[in-house]
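Each of the next two complexes has subunit A plus one other chain: subunit B in the first, subunit C in the second.
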Partner chain A sequence: MSDLFRFLVIFGLQSAAIYAVAASGLVVTYTTSGIFNFAHGAIGMIAAFTYWELSQNRGWPALVALAVVLLIEAPLIGWILDRVLMRRLTGASTITTIVVTIGLLVALVQLAAIIWPQGTTTRVLPEFFSGSSIKMVGVNVSYHSLIVLACAIGVAVGLRVVLYGSRLGVAMRAVVDDRNLGGLNGVDPDRVSSAAWMLGCMLAALAGVLIAPILPQFTPVALTLLVISAYAAAMVGRLRSLPLTFVGALLLGEFENLLNFIDTKRLGGDAVADLARNLQASAPVILLFVVLICLPEDRTSLGANRVRNLIPRPSLRTVTIAVAAYVAVAFVVAQSGLVSDNTVRELGKGVALGVVMLSLVLLTGYAGQVSLAQLGFAGIGAVVVWKLGPVVGLVGGVLVAAGVGALVALPALKMRGLYLALTTMAFALLLEKNVYGDNAVFSQLKPFAIGNSSAERPPGLGGDTAFFVTMAVAFGLVALLLTVIRNGSFGRRLQAMKDSPAACSTLGLSLSATKLQVFALSAAIAGLGGGLFAMWKGSSVGRNDFSLLEGALPGLPLVLVAVVLGITSVFGAMFGSVAFVMMPVLGGWFSSVRSAMNLLPGLAGVGLAQNPDGVVSQVAGAVGGNGHEDTEPAGPPPLEPEHMGAGRPFTDDDLARLDDELGLSWGRCDAVARTP
Partner chain B sequence: MKRTSIALLCTVLLVLSACGSRVSDNEAGSGQGLNAGGAQSGGDGSGGGGDTKNKIGTLENPCSAAKANGAAGSAKPAPGVTADTIRIGVISDKKNDITPVPTIGIEEAVKGFVAMCNESGGINGRQLELKTYDSQIFKTDDVTKSACNDDLFALVGTGSVQDQQGVSTREACGLPEVGAYSATPERSTSKNFFQPVPGTRSNVFNNGPCKYLKKKFPEAVKKAAVVYTDVPAASSRGLATKEACIKAGFDFVVDKGIAFGEKNFGPVVSEMKSKNVEYFTIVSVVPDTAALLREMKNQDYMPKVIDLGQQYYDEAMAAEPAAAGAFVLTNTTPFAEEDDTPALQLYSEWLEKEGGRPSSLGVQAFSAGLLFAQAAASLGNDLTREALVAALKDIHEWDGGGLQMTTDPGSGTHNDCFLYLRIQDGKFERAFPEKGFECDPKNIVKLSKEYTTAG
Partner chain C sequence: MPLLELREVTVRFGGHVAVDQVDLTVEPGTITGLIGPNGAGKTTAFNVITGLQSTTSGRVLLDDHDITRLRAHKRAQRGVGRTFQRLEVFGSLTARENVLVAAELRHRWGRRIAPTEATVALLALAGLVEPGSPPEAVAAVSPAQEADALVSFVGVAGVADTRADELPTGQARLVELGRALATRPRLLLLDEPASGQDEGETEAFAQLLSRLAGAGMGILLVEHDVPLVMRLCSTVYVLDFGSILAVGTPNEIQSNQAVLDAYLGAEPVTSDIALDSAGGGS
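Right, the complex of A and B next:
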């Protein structure tokens, strides 16, 4: 009995306090700024490393270092973030805010790796009052743990008072609800938003400094990942309620320690014990997944999508020419010996990843659905190719990935934006941990976890040149397929869904079916890319290649590069994939730019605050007019559906065409047609 | 706004245009590029290490400027070999953002070896050229492919944490390897692979340390605990250790995997405490182990025996107050005995010139360099990969001139020696045996099943 008490109360509370401290900052930032800050953990990490630098490396007194970090550095970071980035995000689409903050995360982690290089020295950040503890039910609880718990409670109470009791707090919430209305009522939105980010960053810094000494490994990645574990707690409070967030943190802490406490071996033998241990490793992710699916979405966070982007519609002819050029270049590159074998190897990975990026163009660019799981689907394709061989495996991989994609779409049917991003992220993490990762529930897949599996190429395509060109052709075919889709009625349905799901429903479109189709199709494309990637690499294929945060090709930067270079066009994927693999190679050639190359994906993501459409379409816009072209004859009517309603009222012809495009046959809305 | 985007696109174009440049490829994949050694300074007899020219500890210096007699044996010159040079490569984990790794110091050790050998005149007058590759934990296979393309004679002194990767690549391109160590059975049993301290097998284990501890602490080992990070490489190693020690008479009451990135060691410590565990061993990394030991201390509980493997022979471990009294294994001669070990002095001296950090695996890398040089020098002008492999297979007694335990690298028989250090007052001190290493072929036991990395 005292054992149970010890596990649930002492250990459980210790874990819960850590999660609570980590999650409360997330909630505060979201409440006061409306932006879910993926980089919250990374900001805390920077603060913790600064604290280490001052207190350990330079020998400053702990209190002075703490004051500098919490009262000067953190507010400064918050102020800069607000001035440089967050203010520009007012009214931006959810995907833009997601990508910008993920970009910030990646950039900060890389920045920390440059300032405080890992891999050479072990840094230790001692606990506060290291070594002192008091005894509770036979367990010595360190002062540090008590401080964490006290801070968690203090933060909860303090925030409640500030947010609901002070004028500033009310103003913060008012500005999030309606910036203009707040302004009309005498609130200075800019000042309030600065204050909100300064407060959020101080909480992040507090969490970083408190948590860093508890983590065995004091590294940028470990600290950043811990806060991701805390997402589950924040979601229990639906990113708004602090008390519920604390309940979530408590649930998470207890869940982990309950799994520790129960002697699963005695209950169900080795198999059950293995399963429990494997699941325990991903307890935070499982909880996040469950919470996202079970809790109703926070409707207030939705609102109308205020940004309406026209997606470029390159003609089939243009894309065909581009694809032909792409394949020709691929042929020359692979054949001529102009480029070294080592570089060709990296470029080949780029071509395969390009296919994965195309799946993002379809899903995110065309349909407006955010997914962080595409590299996970690619991993599924690779697993199936490894297991079933080249031809059957590739077909099978595409089918299995499509099936899994549809499965992910089921809980996603009712979600949008942030919730969807988090759900797909949780799913990707589960995939890479429990399906083909270190804690694989299926032991047959363990070789994949450690990169010990290999993939053969189809007969006749064994040579590097042949396969390189084959991959380029596959990329081209998918690009053409997407162009056909974009120009067809399915593409219009996707655009409509992206613009306004509510309007789509009103028009009688089945959102569920459309979402399911587009998720399955994009997962299938990602699976194809993963299968090609595995075959190109050939040996030592494994989880490392398909991981979201760790590994050789981390997935988050991949998403960043895809989005930044233009997620709305197949050309973006063409450039993005090559840039993605070439950046580290370039860093390898010229050591002077290595740091810059590591930082680039993150910075580019941050730069999206400026160019929500991505670079390729921006440049195309700058160079050649409006960046999209239509082959259909230019002339007044009939207008493209995207252009209807602009400049003149809808006509009957317009509506007929709209019905036709959307595949609607239930009649037309005369009332609209008659409005002057 | 448009200016920013154009600037970004220019960067991309820069990336693309740089793909065509072959010249820069010579520098790819390594921070250092070629490190031809001839011009190395330090040749003016600077040394506590004795006369490098003739002796490396107890070993005849395999490197010399004397040209071998006789024409080349084979018609075709071997890859990486010219009349004046032999080009070799070293792969190790250097940069990574995840965690400090135990393979730090390997690359510098091999650089030190190459500089030393070149200063002595190279191998039969051929200077060594070294290419370095950073496997960055996750890129072992990628850099192995690069090494295969780079016209190398052999890989020397390599060591990566995830060395199960890249095995088939290396075998396929025919590159022989004299590694510093092997982290997984996949590597240690791969084709044309040699190492100065053969070990890491899936079904064979050196349980000499277990027997020693059983004799010294007969009661404690009846309440044993094994803990391992729950990733395949660590858990298979932990379970193999468990079985080998059971064969020596241990009884395990706790067998626990802890999740990678675990932050709360209270529960596992609590379990050990409630089961009165008196012997504790762990397969993990230094920071996690230190955190677990701290938690033990915090709970006023310390098992009588703390038994740690060679990866813990690291200053950071000794610096951890909670690790006081822990036993730590080493394959190489303790650094504290440098004064009596001329070969170790040479290692330190040359490592210092490369700015590396001393480490036990670094010493093994230096030893691997010597092992390679010994075999290559014996070939005279018949420098082919096949002949190198044959010569390596013929070396059945090896201690790197006193750098390490005596082993049989030629046949790859699992090492049967051990040396226990003990952490005292923040330092590693020799615990057993009093001198040299304790060796016995009977220490090698066969396990009941294959403990492969893939679980």
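Right, the complex of A and C next:
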């Protein structure tokens, strides 16, 4: 009984409360700006570390430190983000908003690593009123737990009051749809947007400060990934409904702690206990997949992509010449001794990761879909090569990666692009943690988890030069394949789907089937890249080579570099892969720029707010004299004015409609507070 | 047997009823008009017919088959084609490629669909086969040939290699029409096709529509150019605030008092239901 109370009531509610606070911040910013903030957890992380710095390192009183973090730092971050970034993204494509906020995430993680270096000291953030507890139902309940619960209740009540009781709240809900339309009704959209981001960042900060003391590790990455749990909870309410978000948080918190409560070891021994631990660690991902499968299909949204992008379509001949030159340069680099062995080793990784970037050219550049799990799929290729040997393994790795890719994408395909990005990020995390990570479900994968597995090269290609050139040839072949696709009927179909999914479906194209094909093909290419990578590195291959945020060449920065250097043509991958691996090398040569090099991918991603198609196509465009972009706001067509009361105050009907169609909802429409 | 039938179709967005208990029929080989002020629910009705919008209640029948639950691409494969009021051209493809994509798609999914006389008639209009050819002649037409012929047929051959997002609205609408025709539809929905066209273009367009109907196609036309609608259509539906205000021949509609009061009167009653001038589409 006391166990039940401890795990399900206290711990379960405590986790649920933190997820609810984090998730509601996510929902507030998403519904008011239309931008899903991938950096939500990272902002909470910065807040928690600042709180640690002030209260522990500098010895400020906890309350003062807390006030500084929650009432000054967090709103300031929100205000700056809104002014500098988010307002520029009004009407930007989904891909751009994803990349910019992921750039922010990566930049903040790197920034934290610079300010608070890991490994030198172990930081501990004590709970509030550490050690104090009261006895309830025979269980010691810490004050911290009670404070966490109180915070969640406070947030729920506070949001209800702000969003439904104040003019600003009503305006926040109005601005969701159309900034200008809100403007007609005397709402200042800029003020509303500022308010939403400040509020969102305060909630992120509160969640960060509350969760930091109870996380097993107080590290930037662990806190940053809180965004995944928050996202899973918010998905229950389709990223819109706050009450359902709270329900989602409750489900997630209870699910995690239910597995603590059941004595799995007694039930089935170590194996079952291991499994339970894994399930617990992947609770957000499991919840996410269940919710995605249960949710009804998204309406295919009308509103063609109106961002006029320059689409480079190099001919097969041009690409053939470029590929030949690429292979020749690879041969010279590997053979001549002009560059040190160490640099050749890094450049070789670049060639293999270039293949992974090519998978993004197909998926993101051609088809307009975003995956954050490409390096994870590469890891699958590497695992299979390690297990099955070079030749069988490479083929097997490509096939397994394709199959896994299709399975992952399947539940998210019926949804808009954002959900695919989020789902793949969650899946990458699942791979990293549970399949070949710290808690590896399969004990046979332990060597991979600790970075201790090795991969052989195919017979006859054992030498570094031979294999380096082989990889360059593989890159070239994939690049040629993509060029053929691009200039053929499948490529046209993908381009059409990227421009207007709705029109495509009225021409008889099954959007889901097409996305599934392209996703599986792209995962296969990533798997090939991972297999080559493993064989090139040879020894100490493992999880850290294929992680989202950890290791020397992590997955999220890889996506950023790929997109920024030009995702719409194979040339972007050519340059991007070299740039990606050379950044840490440069940092190694000149220690003064190491921090800058680490920050670069993140900042580049953030900079994409200016230049949505990447640097290479921009340069190509400038040379061709057609480099500027003509941006019209994308997104849904505005509501027709006679129903939205241009020039008159909102009526109850308008609000109800906004609630139902677009805005935050508290369930039923009749719960809407009436404006005076 | 009617080609298309809507039975008591209702679409609700929260408290707002966009389409209210609408009954509507389109016969093959005829042009049916759907008019009404902005926001009356015309585009929503189109979205319901093509499967981009689900109904709250009511049924959509094609050849007496219930397609209410069918997904958009399945309906297209059964012969429903459309254009859009707010352009949905594939902006980064050329005009010809826009049509080619559709022809290639149809070629993929339409492999097992036997060509009918109406198909022959449509392709004959475009000059691809001799009028009255046996249906087998259709099989020899490649997607590229079909695209080229349709580009000429709708009158955008001069800009075939121009990116669609660089075309003026009137021509982009013709590209959308060519794209829809490449799926060889039996039912064609046109959403304000004449807006953005000058007088000469509109005249050419009117003749084109008559020829398509003559080839056996059923056409549902949403258009603000009321004289054009009255000239082309055999039946006209008037939609107001989501429900059918009147149905009849153009003559009946033009003398219907309720329609005159609400919509067709020389002086708009209020600015809210003012009739957009032709070519002034949003």
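Quick note on the criterion: the second predicted complex is superposed on the first by the 597 of 676 C-alpha atoms of A that agree within 3 Å, B and C clash if a C-alpha of one lies under 4 Å from a C-alpha of the other, contacts with A are read in each partner's own complex, and residues count from 1 in each chain.
In the analysis below, a residue touches a chain if its C-beta (ideal position, glycine included) is under 8 Å from a C-beta of that chain, and two chains touch if they have at least 3 such contacts.
Since we're looking at a predicted model, the values are computed, not measured.
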If we overlay the two complexes on their shared chain A, which of subunit B and subunit C does A:293 touch? Say first, second, both or neither. neither
A:347 in the overlay: touching subunit B, subunit C, both, or neither? Say first, second, both or neither. first
Tell me which partner touches more residues of subunit A in the superposed arrangement, subunit B or subunit C. B
Touching partner for A:407 - first (subunit B), second (subunit C), both, neither: neither
Quick one: classify A:509 as touching subunit B (first), subunit C (second), both or neither. second
Check whether A:168 is in contact with subunit B, with subunit C, with both or with neither, and answer first, second, both or neither. neither
Now for A:156: first (subunit B), second (subunit C), both, or neither, which partner does it touch? neither
Figure out whether A:10 sits in contact with subunit B (first) or subunit C (second), or with both, or with neither. first
Which partner does A:247 contact after superposing on A: first (subunit B), second (subunit C), both, neither? neither
Going by the contact rule set out at the top, does A:18 touch subunit B (first), subunit C (second), both, or neither? first
Same subunit A residues contacting subunit B and subunit C, which ones? none
Once bound in the complex, which stretches of subunit B touch subunit A? 1-2, 4-6, 8-9, 11-12, 14-16, 18-22, 24-25, 27-31, 93-101, 104, 136, 138-142, 145-146, 149, 162, 164-166, 168-169, 172, 186, 230-233, 257, 259-268, 270, 274, 285-288, 290-292, 297-300, 316, 357, 453-455
For the complex, give me every residue of subunit A touching subunit B. 3, 6-7, 10-11, 14-15, 18, 109-110, 113, 117-122, 124, 131, 133, 139-140, 142, 211, 214-222, 225-226, 256-257, 260-261, 277-278, 280-281, 333, 338-343, 345, 347, 438-439, 443, 446-447, 449-452, 454, 537, 539-540, 542, 544, 550-552, 564-565, 575, 578-579, 582-583, 585-586, 588-591, 600, 604, 607, 610-611, 615-616, 618-619, 621-622
Would you tell me which residues of subunit A are touching subunit C in their complex? 299-300, 302-306, 308-309, 311, 489, 492-493, 495-496, 498-500, 502-511, 637, 640, 642-643, 653, 656-657, 659-661, 669
Listed in rising order, the residues of subunit C that touch subunit A in the complex are 13-16, 37-39, 47, 50-54, 71-73, 75-77, 80-82, 84, 86-93, 97-98, 100-102, 104-106, 109-110, 165, 176, 179-180, 182-183, 272-273
